[in-house]
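Here the chain labels run A, B, C, D and E in written order, and each chain numbers its own residues starting at 1.
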């Protein structure tokens, strides 16, 4: 009685560490409880938020835009992960996309963000996408097949990158997706991967609470960046990964929050590029301003 | 005492296109013993199954006296394999007799058919004749008003047959039930029945009826009346 | 062979089979990184860790509870529907296609529906999925078993005025029990699997959830450790519950060879 | 009732059931965004789109091909193992636990093994998974059926010097056929599902792949459209192949009620 | 012509703790007809099943002449429900006769047992006695050397019984097979057999043997020798 619950659903992403920190620390006060549900299923999160059974979710920024455009009543509170993906190669080094010509590259999802990014870069560099043998495999399967030496290259997010590198001598870190992005965007390599979304229903009823949630989230981001060891412990506790590994992977992850205007500009830039290749990825149109907080 | 237990009018039955019975007319009085004979495949079991309500007739009327308690010895044994010999009796008794009454009767009947030592065996552990005797005991175990017996003495040797026949008649006198008996042996029929119906033809009907007026106890196969009936029946069989 | 040596023999041969697989596994695993195929030893270590952390027992209890609830529901519904459909032509015609549909809809779609119906409830979604997946298996097996019942016995019982209840308990049930037992043991494997699947995608607790986390983190050793847990659970059910029950249920059967 | 009205009646009642579900679905869907629950109409539109694009037919053929290969393999292996284990006590004791293990290992773990064994071969992984999932179902049903065979008939045939081949074809097979048919129709649903699952996680073609793309891209309407395709396929198999086969196989049975 | 087809020495058999047969000694000569009688449950079927190789003996020796062709009428019908009446015969013939030989014999036997009109029916469509006759025809259909008959005339009426007996003896003269017959009816035994073994006791043994020297064709139940044997058998039944 009297205790208010904020229900947040998230996959096992670094982007949720600030929320877990908030929940553990009880930063919102004694009468507010943050209930974090961990599940990899985006669809479930979306249905739940549409039914008002959860209040917030962490998911891909593009996923949020897409469901927003399809009429689900949500808002982006902030985007928080800006760097996370890398190309690993097996037994050879590749500095550029040209080096991957004639090779097999595994991507997790046809029409997903990583697929978009690769095709975007190939397009920019004038390489036909047929020149690289693109195969689509779920991340874990792809990773294992790569470990078996049956793939030339694979595009992976952290912490899988660190995990593969520390288990496979032949694997080398070849292309930094963020650097590639920078090449085409005036040296700014920030890509808005993961966002924190809130249901408008919750927002309307809890304006102030949402504001302070968002503020604390940003404090949490700083806490994670300043206390990587403790943050890694937190991840180990909730996600079941070894803390050492997560700690190591932090070097290749950019968790940050920016002032609203700057953030929105970066997101719109990303969405515009998406619109040129895979408009369906964000629901066929740029989301209007009510998408942003 | 002479109300009709059963009356059948113009009954007919066929399996698909194969006509088995046609135009059967029959009445059974209270306390009567009637035997049905006729060659194999003539339709005796079919008629019985219709009377027992196990098979639907195609046309005709069949009236059973209200509240009639029927019991039956089936031609192929229908024993519950997962119940012991005694429990196979208990199973059918429960709707007719009290537990106490039932237990006494079971004891009496199992002794009568010589299965008392096997009361706890399962049917799978009985010989062919023993199964047949169990069927027999089960039919008597509900104190029926009308007993339908389809080859009850099959696989049973003469000595035992006499014992069972005596058991049947003793009960018949005490309980005053009626009996419809199917048998392939005319001698059994003449020794037991008041009336014998001979089923023949294709489709079969009751071709001939014999009445036997000598009291059961006093009949012998060599008696003149009995013997001539047996002769007549033998002729009928040959003609069919 | 006396009783002791014979049951010793049985266990020895069964164990030999399992050992052969373990050896094969051991041999194969030495050729691969533990990310791809962990060795039996590594798996055992993880198992011990899980046991010590207490998470093993907690998750087992959660998963077993869900499975039991969903599966008993499926068995009861399977029995009821099987009888109902066997003896009512109308409802048979009406429901038969629906059961086929139920069988065919892929689990992902059921999950979509589960979210709509049950929302966030953490237990209901797995239970629902277990029910949905195992109901048709149980139903079809029992329905088929009903078709094999010796109708002569039912006729006999009807003839002797036995009530529906008596016919059910003394004829249908004993005739059905062998089918029922095999339905239950076939269905059980599916019930387990669907609990695990449901937890895998839509829950934050239970063995399936643990599997999903292990899979996401590429912790193949944990994946194997949890599978071993599942296998042990399944064996316990089969050999401690279903087998003895089967034996009891079939005690009237004279042994053949 | 003459033949025409009777079969008309059958179809009508069956259709009524399906219509009831459609109505329910339509009603429910009006309360949700199509992202969560698409309406039957939206689903039908997607279906038409898929048909026009040609992808529907292509993927159906791929999935059916895989299912048929994997499932025929499972049926044959199920038959062989069932006979083998029924008549060799040693191998029964040896293999029985292994089959239980096979049944229990969750599909994610099989996928790990499939990666090891088949690498990136696009067809082999789904076929393997179909086999793995449906083999135990088929096996157990046939094994159970073998236990129900009237042993008196086999004795009779042995007595008359019938060869193993004759006994197999004239006694085992006809006795088994009803069980086999129900094993096949139960197993078929699982075979479908496992093809779909395998394609879902480990292939770049087929209906399961389409479902996975739809699922990841939040195209719930496509998810439903593909499910409908699966349902129609399953119905075609059941009513065009299995049902008539069953009838033929049981033609000697005198009809009861 | 007088080689032993079958010889049994000190044979014993029990089901679990229940001893059925003990110390059975028996020899069968070529061309002989021997009947086994004994009360229901005495162990006749058990002994037959052991001779037929369907059941294992516990102790004792059993020798069959090499290459002996055995045929059997089982006490409970063992017909293939999915094969027609005629195909049930074909099924057992295939290992013994050529197709042509077989077809002629089937025709002859089905006529003999009165099932020629039902050759295309399935066993589920036959009456009890018809199934029994089919079993009978099947046993004869392989031209056996030794015929084991367990209650072959069960559920069969007198007229038909006489026809079947004639069929059996006619074949017996032509084909010169031996017969072991189980029956519950001593009259059948005395009319058919050269020798009658009476099984009795618990565990049962061959308590008494009767030899009948009158040729089959010339026997009548009222003949003095025959009659006195029947009397003796009746006494044995009563004592058992």
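By definition in this document, a contact is a pair of C-beta atoms (placed from the backbone, for glycine too) under 8 Å apart; a residue touches a chain by one contact, two chains touch by 3 or more.
According to UniProt, the chain labels map to these proteins: B, E = ATP-binding cassette domain-containing protein; C, D = ABC transporter permease subunit.
Please read these numbers as outputs of a predicted model, since none were measured by experiment.
Counting hops only between chains that touch, subunit C reaches subunit E in a minimum of 2. Once the centre of each chain is set as its mean CA position, subunit B and subunit D turn out to be 51 Å apart. For this pair, subunit B with subunit C, the centres built from the Cα atoms lie 50 Å apart. Here the CA centre of subunit A is 85 Å from the CA centre of subunit B. Remark: subunit A and subunit C have CA centroids separated by 38 Å (rounded to whole angstrom). Multi-chain contact residues of subunit E, defined as those touching 2 or more other chains: 76, 125. With touch defined as above, residues shared between interfaces to two or more other chains in subunit C number as follows: 32, 36, 112, 115-116, 215, 220. Annotation for subunit A: residues touching 2 or more other chains are 43, 47, 51, 144, 148.
Applying the touch definition to every pair of chains gives A-C, A-D, B-C, B-E, C-D, D-E. Within the complex, the subunit C residues that touch subunit A are 32-36, 111-112, 115-116, 119-120, 122, 201-204, 210, 212-220, 222. Residue ranges on subunit D touching subunit E, taken from their complex, read 150, 152-153, 155-163, 166, 170-171, 174, 252-254.
Taken in their complex, subunit E has these residues touching subunit B: 15, 37-41, 44-46, 75-76, 114, 125-130, 132-133, 151, 154-160, 184-186, 234, 237-238, 240. Contact residues of subunit C toward subunit D in the complex are 9-10, 13-14, 16-18, 21, 28, 32, 36-37, 90, 93-98, 100-101, 103-109, 112-113, 115-116, 136-137, 140-141, 144, 147-148, 151, 178-179, 182, 185-186, 189-190, 192-193, 196-197, 200, 208, 211, 215, 220, 223-224, 227, 230-231, 233-235, 238, 256.
Only residues 52-54, 70-72, 74, 76, 78, 80-83, 91-92, 94-96, 122, 124-125, 142 of subunit B touch subunit C when the two sit together in their complex.
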